[in-house]
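Below: one structure in structure tokens.
Just so it is clear, A, B, C and D label the chains in written order, and each chain counts residues from 1 on its own.
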Amino acid sequence: MVPLLLLSPLILLAALGAVWKARPVHAALLLALALALVAVLYLSVGAEFIGLVQFMVYVGGVAILIVFALLITRPGDEAAEVARRPRSLALGLVCVAPVLGILLYAVSKGLPVAAFEDANPKLPVQALGTELFENAVPAVLTVGVLLTAVLIGAALFAREPGPKSELPADR
Amino acid sequence: MNPLPLLLTLSSLLFALGLLAVLTRRNAILILVGIELMLNAANINFIAFWRYGSVEFDLTGPLFVMFSIAIAAAEAAVGLAIILMVFRHTRSTDLNRLDSLHG
Amino acid sequence: MESPAPTTRASSPPPAAGWSLPGIGLLKGMAVTAVNMIQSYYRKDRMTTVQYPEERAPISPNFRNFPFLVYDGDNMAGLRCTACSICEKECPPQCIYIVLDRDENGKSLKRPKVFDIDVSVCMNCGICAEVCPFDSIYMDGQYELATGDRFGGLLFNKETLARSTDYHAQLRPLEAAEVAARRKAEEEKKLAAQAAKVAKAKLEKEQKELKAKEEQEKGTGA
Amino acid sequence: MRVPALIALVLGSFPSLGLAATDKPPLLTGESLPRLPQRLVEMALEALKAPDWLVSLASFATAAGTVVAVFLSAFALLSLIERKTLARAQNRLGPNRAGIFGILQPVADGIKMLTKEDIVPTKAEWFLHLVAPVMIVIPSILALGVIPYGREWLPVPLELGLVFFFATGTMTEVAVFIAGWASGSKFPMLGAMRAISQMISYELPLIISALSVVMLSGTLSLADIVAAQSGYHLGFIPAWNILTPWGFVAGIIFLIAANAESNRCPFDLPEGESEIVAGHMTEYSGFKYALFFMGEYLGLFAISGLGITLFLGGWQAPLPGLGFVPSWFWFFGKLAAIIFFFLWVRTTFPRVRVDQLMRFAWLCLIPIALLTLPVAALWHFTANPDGSNGVLSWLLCSAILAVPFIIITVIFNRRLAPSLRTYHYAE
């Protein structure tokens, strides 16, 4: 409970920073921080394997990919971003507020009545592996195929086009 | 006290923040940032219900999170590849400028 | 992935025939470094490092560094420099400063009152040594010039620049011997010329005296 | 809530950290010598009637402190040995002025680094610029904590040790990026880009080659992986993973990938002095620069230690009948051998090009590493009932693993054989 109380505001602050910061690299780094804190949250509730995998995939993979993409592409105009923030933020809040309201209402009203204090205190990795590779084999295979396709597809997408297939830029 | 409401509130707020990012950002890569936040909010929910829910000796939550993480990685890779492709054509990642099919 | 056709020159050797395993070259390279590493412990000819402050590598006779002034004899009085200022004028970075020494009548004493070289400006070109007609300035072999005082410590004056002919002979024996021989020859030539002059003057004087005597005798006779 | 109780609660909520030392080894044997400080602290605190949480916290801190102290001194020693070895390979003497044989050179270097001015460039983001070197060191120290150094000496007995190791390793990438980006200069940025792409590319063969070991050991705990390699074939050949066909190939891939992962020559593109000043460390000076080096060398120790644990039998003795030597002695002996091999490689090979580096990882290492997985499975399923493998199993596995080598040989000789290169601008 205590780690959760400590971690939750930190996660929210980091996520807020990721949403608020005008400089893209700062936003991406704060996203990495938020994801790392979520990994710590998983560690603290006993899902260590999930936490470590989250750290490896999100911090080591996704956040780095995002940062890399930010470096390869040209950053937008920060001043313009800040200038049009009030309008876009107002519109965004108008859209987000009902969603958040519904979610919080559901949380406050729809909790399972007979909740255990500690349903599963610790994630058994061996059992998770057995579950994955015995009962969930089709899903695992599908994800494997998906990831292979993504690997090849992303490599083909991101490949530098040859000098002949260069399409004229439309601007 | 059961920490479940706390975790659910956290994930709701995280989801709202992710949605806000998706709605307000113009840079396509930063919209991916918002999507990652929303995915993580969902993952927190899975873990919370697994840990503090009402079903004992069940691994559905962590299993879903595993798949979600794998698919999120795939999604980020493909999304960024597409963004790079778009950038190569338009020299910009601003989604408001990608209106050449606007008629 | 065909590599572009190699434009081999006729003189270059043909590619090695036969098959080789990948990685053999790597192993060969590692063997070379291993041999180096081991042999450096017992083969003296591999370790050419000189432990500098304790021992020094001998410098080549053609090594040259900042200039110095040569004096004959035992002290500064024999300085060969005549303050002609040719080196001062020729020096590309203009690091030489010379003031001619004069006596109270303003007459040149043909020696420098001030002879300064700013070695922080000097570029070791050796032109001053080339142009000096009096064999007075030469390039030094001294290279430990570090000093804590970067203005005064690197401004060499007449006293710090002066070296004896022995020093020159030790530093560059061949050059010094040649210079000494030439100077000696010149000196002898000069001496001979002087002696001839003296002899000639004596002869003339004698003749004059003889003539005067004759005239006197004539006068008395008349 | 009082602060100590809070700390205990927070720490206690990470159950896998195993804060409470359960076993109490005898104090003064060779085997338990590295745990002497920890035991002494525990005994002293128990004698003082300290509360339990304080005892376990202090014991934990002392165990961590022991590891850090050992490896920091090893880092200091290595920085000298590396210079000496490189010098000898180049027929020089190396540092020999500070103390006899230059043994005080690390001290001198440390004093120099500490007293240098700490410069933060004007264009740098000072906070991120400050965070990056710290973030480089932390994962290396964390990773060192989960490696079993001896029979009695495992600082943090983690059930998911291997996953933890690789998870901490990813933090280095973020730190390198922050260092490169926060410096606000182009060489650090280029160096960081190179470093990250290299680390991501070589992390894959590293993890995949470790996976084959996990498959056959059936555990993610590093202590159990070492235990699975105990015993001797035919009475004298150690049952290490490197002495099996799949383990041999996976071990070599691990060695190469570990070399690249710790940014050492010939894969030191991220900090290639002759290309991009010092890579992501260009704008750092003084102690921050020293921290980068410390992180790099501690990471080298950690990844070598992992390689030893996975493939070289961890702390197991190389021959039977050597049980009287403390087990951590064997671990550090193997570590020294691996590090010396890295030094040897560094002094021999020139730096590779970026495209060569990437092609080597993606077209050569990763496919072969993937091939070791089915071969490991084949090895498992063709084993005799007692766990040993027959001649047929050996031949089959070796034959399958020889295929990529043969393919590489053919390609090497047919297509990629260096046709004589002519340098058009050289004349």
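Criterion: contacts are C-beta pairs under 8 Å (C-beta built on N, C-alpha and C of every residue); 3 or more make two chains touch, one makes a residue touch a chain.
Treat the numbers as computed from the prediction; the structure is a model and nothing was measured.
Put simply, the C-alpha centre of chain B and that of chain C have 79 angstrom between them. The distance from the centre of chain A to the centre of chain C, with each centre set as the mean of the Cα atoms, comes to 76 Å.
Separating the centre of chain A from that of chain B, both taken as means of CA atoms, is a distance of 5 Å. Taking each chain's centre as the average of its CA atoms, chain B and chain D sit 33 Å apart. Taken as a graph of touching chains, this assembly forms an open line, each chain in contact only with its neighbours along the path.
The set of touching chain pairs reads A-B, A-D, C-D, using the touch definition from the header. Of all residues in chain C, only 1-3, 6-9, 12-13, 15, 19-22, 26, 29-30, 32-34, 36-37, 40-41, 46-49, 51 touch chain D in the complex they form.
For chain A in complex with chain D, the touching residues are 2-3, 6, 25, 29, 32, 39, 43-44, 46, 48-49, 52-53, 55-56, 59-61, 63-64, 67-68, 71, 121-122, 125. For chain D in complex with chain C, the touching residues are 85, 88-93, 344-345, 347-349, 405, 408-409, 412-413, 415, 417, 419-422. Interface of chain D with chain A (complex): residues 1, 6, 9-10, 13-16, 128, 159-160, 163-164, 166-167, 169-171, 173-174, 177-178, 181, 189, 193, 196-197, 200, 203, 220. By the touch rule above, chain B contacts chain A in their complex via residues 1-10, 12-21, 23-24, 26-27, 29-30, 32-34, 36-37, 40, 43-44, 47-48, 50-59, 62-63, 65-67, 69-74, 76-78, 80-85, 87-94, 97, 100.
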